[in-house]
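Please go over the structures that come below.
In the two complexes below, chain A is the common chain; its partner is chain B in one and chain C in the other.
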Partner chain A sequence: MEPALIFDLVLLLILIGLAWLLLASTDLFRAVVLFIAFGLLLALAWVRLGAPDVALAEAAIGAGITGALLLVGLGRLGSTERCRFSRAPLTFLQRLSAPVLVGVMIPSISLILLLEVHQLAGTTPGRQGLINAFLDVSGSGHGVTAVLLNFRAWDTLLEKGVLLLALITIWSLDQARPLFHQEDISPQLMGLARLLLPLVIVVAGFVLWQGDQAPGGAFQSGALLSAGILLAILVGYSLPQRWQGLSLRLLLAIGFGVFLLIAAATLLYSGYPLQYPEHLAGSLILLIELVATASIAALLAAAVVGGHPPDDLSTPAAKAPSTSGRR
Partner chain B sequence: MIELYISLALILLLTIAIGLVRVLRGPTATDRMLAAQLFGTTAVAILLLLGQAGGNTAIWDVALIFALLAAVAAVTFVRRKDIDTTTET
Partner chain C sequence: MLLSDLITTLLLICSLPFFLAGTLGLLRFPDLYCRLHALTKADNLGLGLVVLALMIQADSWQVVIRLLLTWLLVLVAGATVAHLIARKAQQDGHQPWRR
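And now, the complex of A and B:
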């Protein structure tokens, strides 16, 4: 057998095994660590599938934000809720439910997949040719960016809206509380952050810029920046009080807002929303990507912090982006 | 050469599979977290090998991001307020 095929098979087996273990784990901390490992291997799987754009996003999200988000969430749960899985003996029906569920699910999913694969064999190899034919007029040199921000820009616009909605929901639930000890920050940690933060910002800029020609773009760059913001919060930086009001909300909403304005402007200009004039397409895509990166970074970091900024001015709180001034 | 790179990547992948035992068995939270950290380093190596095999530089960017962000989860782990890192979980 070819090594590549064995590699793919082993990767697949580990992924399925990991998914099973992390879902079945009664120890929530173990489940979190397994999920971090799952994210790593999933990025490898995307690479093997020839989708480096998705792998970049998975790497930035999985390594940067998800692990931290789950660890913070686990800390919030408190020790009583963490051990809520009782060891009481199961009833007969409870014992029966898992095998029945698995026994029904796996054959049906396999059947659906088999039917899908059977259909795939007769179709064309995707839309690569069509996209490449129209790449010249899209305003972007990279197929995925052209699809995301021109051909199917609607989907991306709504995705920005979903992110904003998610944060509005989080903010409506609770007020942000300090996540970490602010007093005992070791010099090594401070040194690490001072070395890493500029690097993260530079690489985020690089990933954003190369989205025009190669895998990369706003979401990957924004996720990377949000990990940088998170690191800054971890070593004790916080957003100054005067930035936590309108300016923070503007930063969170600007990505969606500018995108929506462009949709409205193109609707008036050409009769179709998000149908860019050909000579402006490149500049518009760049503008959308720039503001979207800032918003995505702020949105993801604010989601980890969890909760709206405190209204009471006397309580100091660790609040999201300390990097807004630097951006 | 491509076969060699993929075979080396496969060996590294198998070491991750073996390392999972430490995550599963623990016994302390720190053991589990450090095993996951080690997976991050291994994943960087695998990605570099895959990039070399496929000749696709975008894969190296993925490795770069993993290398940059490897510390974030670990720093979050040691800076959390309320989890005792020494006792068994």
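And now, the complex of A and C:
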């Protein structure tokens, strides 16, 4: 057996084992930690499948930001609510359900998959040929970026809208509360933040720019930036009060807004939404990616902070220092 | 076999005991502080050896610098995270283990 195949099999088994452990865990903190580990290993699986774009997004958003979101949520729960189940004795049917599910579903799904895999050719090129044929006119040098921001830009537009909608929902639920006690910041964490923050900004810019030629782009770059913002919040930075009003809301909405404007403009110009004129395609994609990065970073960080900025001026808010993440 | 391959293999083999020791320490040491100590110290050195082994195989100096930077970042982040965990544990009143 090839070594690579053994590695893949071990990775697969660990993934399934981790998924089982995290679903079966009664301790929610344990479940969250296992979820983050699962996300990182899943990113490795995407790398093995030859999809570094997805791997980057999975590691940054699936493991990183979602993990932070879950941890913050867990911190807000009281200690009594953390234990997921009360230990009531199971009924007979409940006892029976798990073995039946495992005993029937897993063999049948495995059988179907095996039959399907048997019919597949070794590797299929998929739509790669078609994409490469039109890469010249797409305004991007990287197939994934071309698909996301030109050929299927409609999907990406709606994706941005969903993110914005999610934050509006979060904001309508509650007012943001400070994540931690301000006086309790470790000097070593402060040092790390001073070292990492400039680096995170540079790397985010690099990842965004690289999206034109190689795996990277707005989502990955935005996730990195939002991680930087969260680190800054952890060491006590906060968004000045005067920027928490309209400026913050503009920043959150500008990614979706600019994308929508471009869709409207192209609809008027060429009759189809998001069909860019060929000579402008590159610039339009860059513009969309730039504003999208800013919005995604702010949206993700604001989602972790949770809740709208406080209305009354006396309470200090632990909000994102969006400006530090965007210079 | 090329000399560079030989050195890489040697370095990789040398890194194994460190990872093994770190993992053993994580599993067997008596309290949180000792386990943190085992993890961060041994694994960092093991990772250093792996990075060194990969540097020898790198095609260009850009890759060498990226690998070095990766290792340094892991060192800094690992040290800080270990410190934060230990600090929180101390604040929560975890007593260090005594014989």
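Methods note: the second predicted complex is superposed on the first by the 293 of 327 C-alpha atoms of A that agree within 3 Å, B and C clash if a C-alpha of one lies under 4 Å from a C-alpha of the other, contacts with A are read in each partner's own complex, and residues count from 1 in each chain.
Heads up, the rule we're going with is that a contact is a pair of C-beta atoms (placed from the backbone, for glycine too) under 8 Å apart; a residue touches a chain by one contact, two chains touch by 3 or more.
Predicted model only: the values in this text are computed from it and were never measured.
Using the contact criterion defined above for the overlaid structures, shared-chain residue A:Ala31 touches neither chain B nor chain C, since it reaches no partner.
Greater residue coverage of chain A by touch, when chain B is weighed against chain C, goes to B.
Of the two partner chains placed by the overlay, neither chain B nor chain C lies in contact with A:Leu286.
In the superposition on chain A, A:Val207 contacts chain B only, with no contact to chain C.
Of the two partner chains placed by the overlay, neither chain B nor chain C lies in contact with A:Ala19. Legend: residue contacts after superposition of the two complexes on their common chain; A:Ala55 is shown touching chain B, with no touch to chain C.
In the superposition on chain A, contact is made by A:Leu192 with both chain B and chain C. In the superposition on chain A, A:Ala68 makes contact with chain B only, not with chain C. With the contact threshold set out at the top, residues 189, 192, 196, 199 of chain A are in contact with chain B in one structure and with chain C in the other.
Of all residues in chain A, only 2-4, 6-7, 10-11, 14, 18, 21, 27, 29-30, 33-34, 36-37, 40-41, 43-44, 47-48, 52-53, 55-56, 59-60, 63-64, 67-68, 71-72, 74-75, 78-79, 179-181, 189, 192, 196, 199-200, 203, 207, 210, 214-216, 220, 224, 227, 230-231, 234-235 touch chain B in the complex they form. Residue ranges of chain A in contact with chain C, taken from their complex: 186, 188-189, 191-192, 195-196, 199.
Of all residues in chain B, those touching chain A in their complex are 3, 6-7, 9-10, 13-14, 16-17, 20, 23-24, 26, 29, 32-33, 35-36, 39-40, 43, 46-47, 50, 56-59, 61-62, 64-66, 68-73, 75-77, 79-83, 89. Considering their complex, residues 73, 76-77, 79-80, 83-84, 87 of chain C touch chain A.
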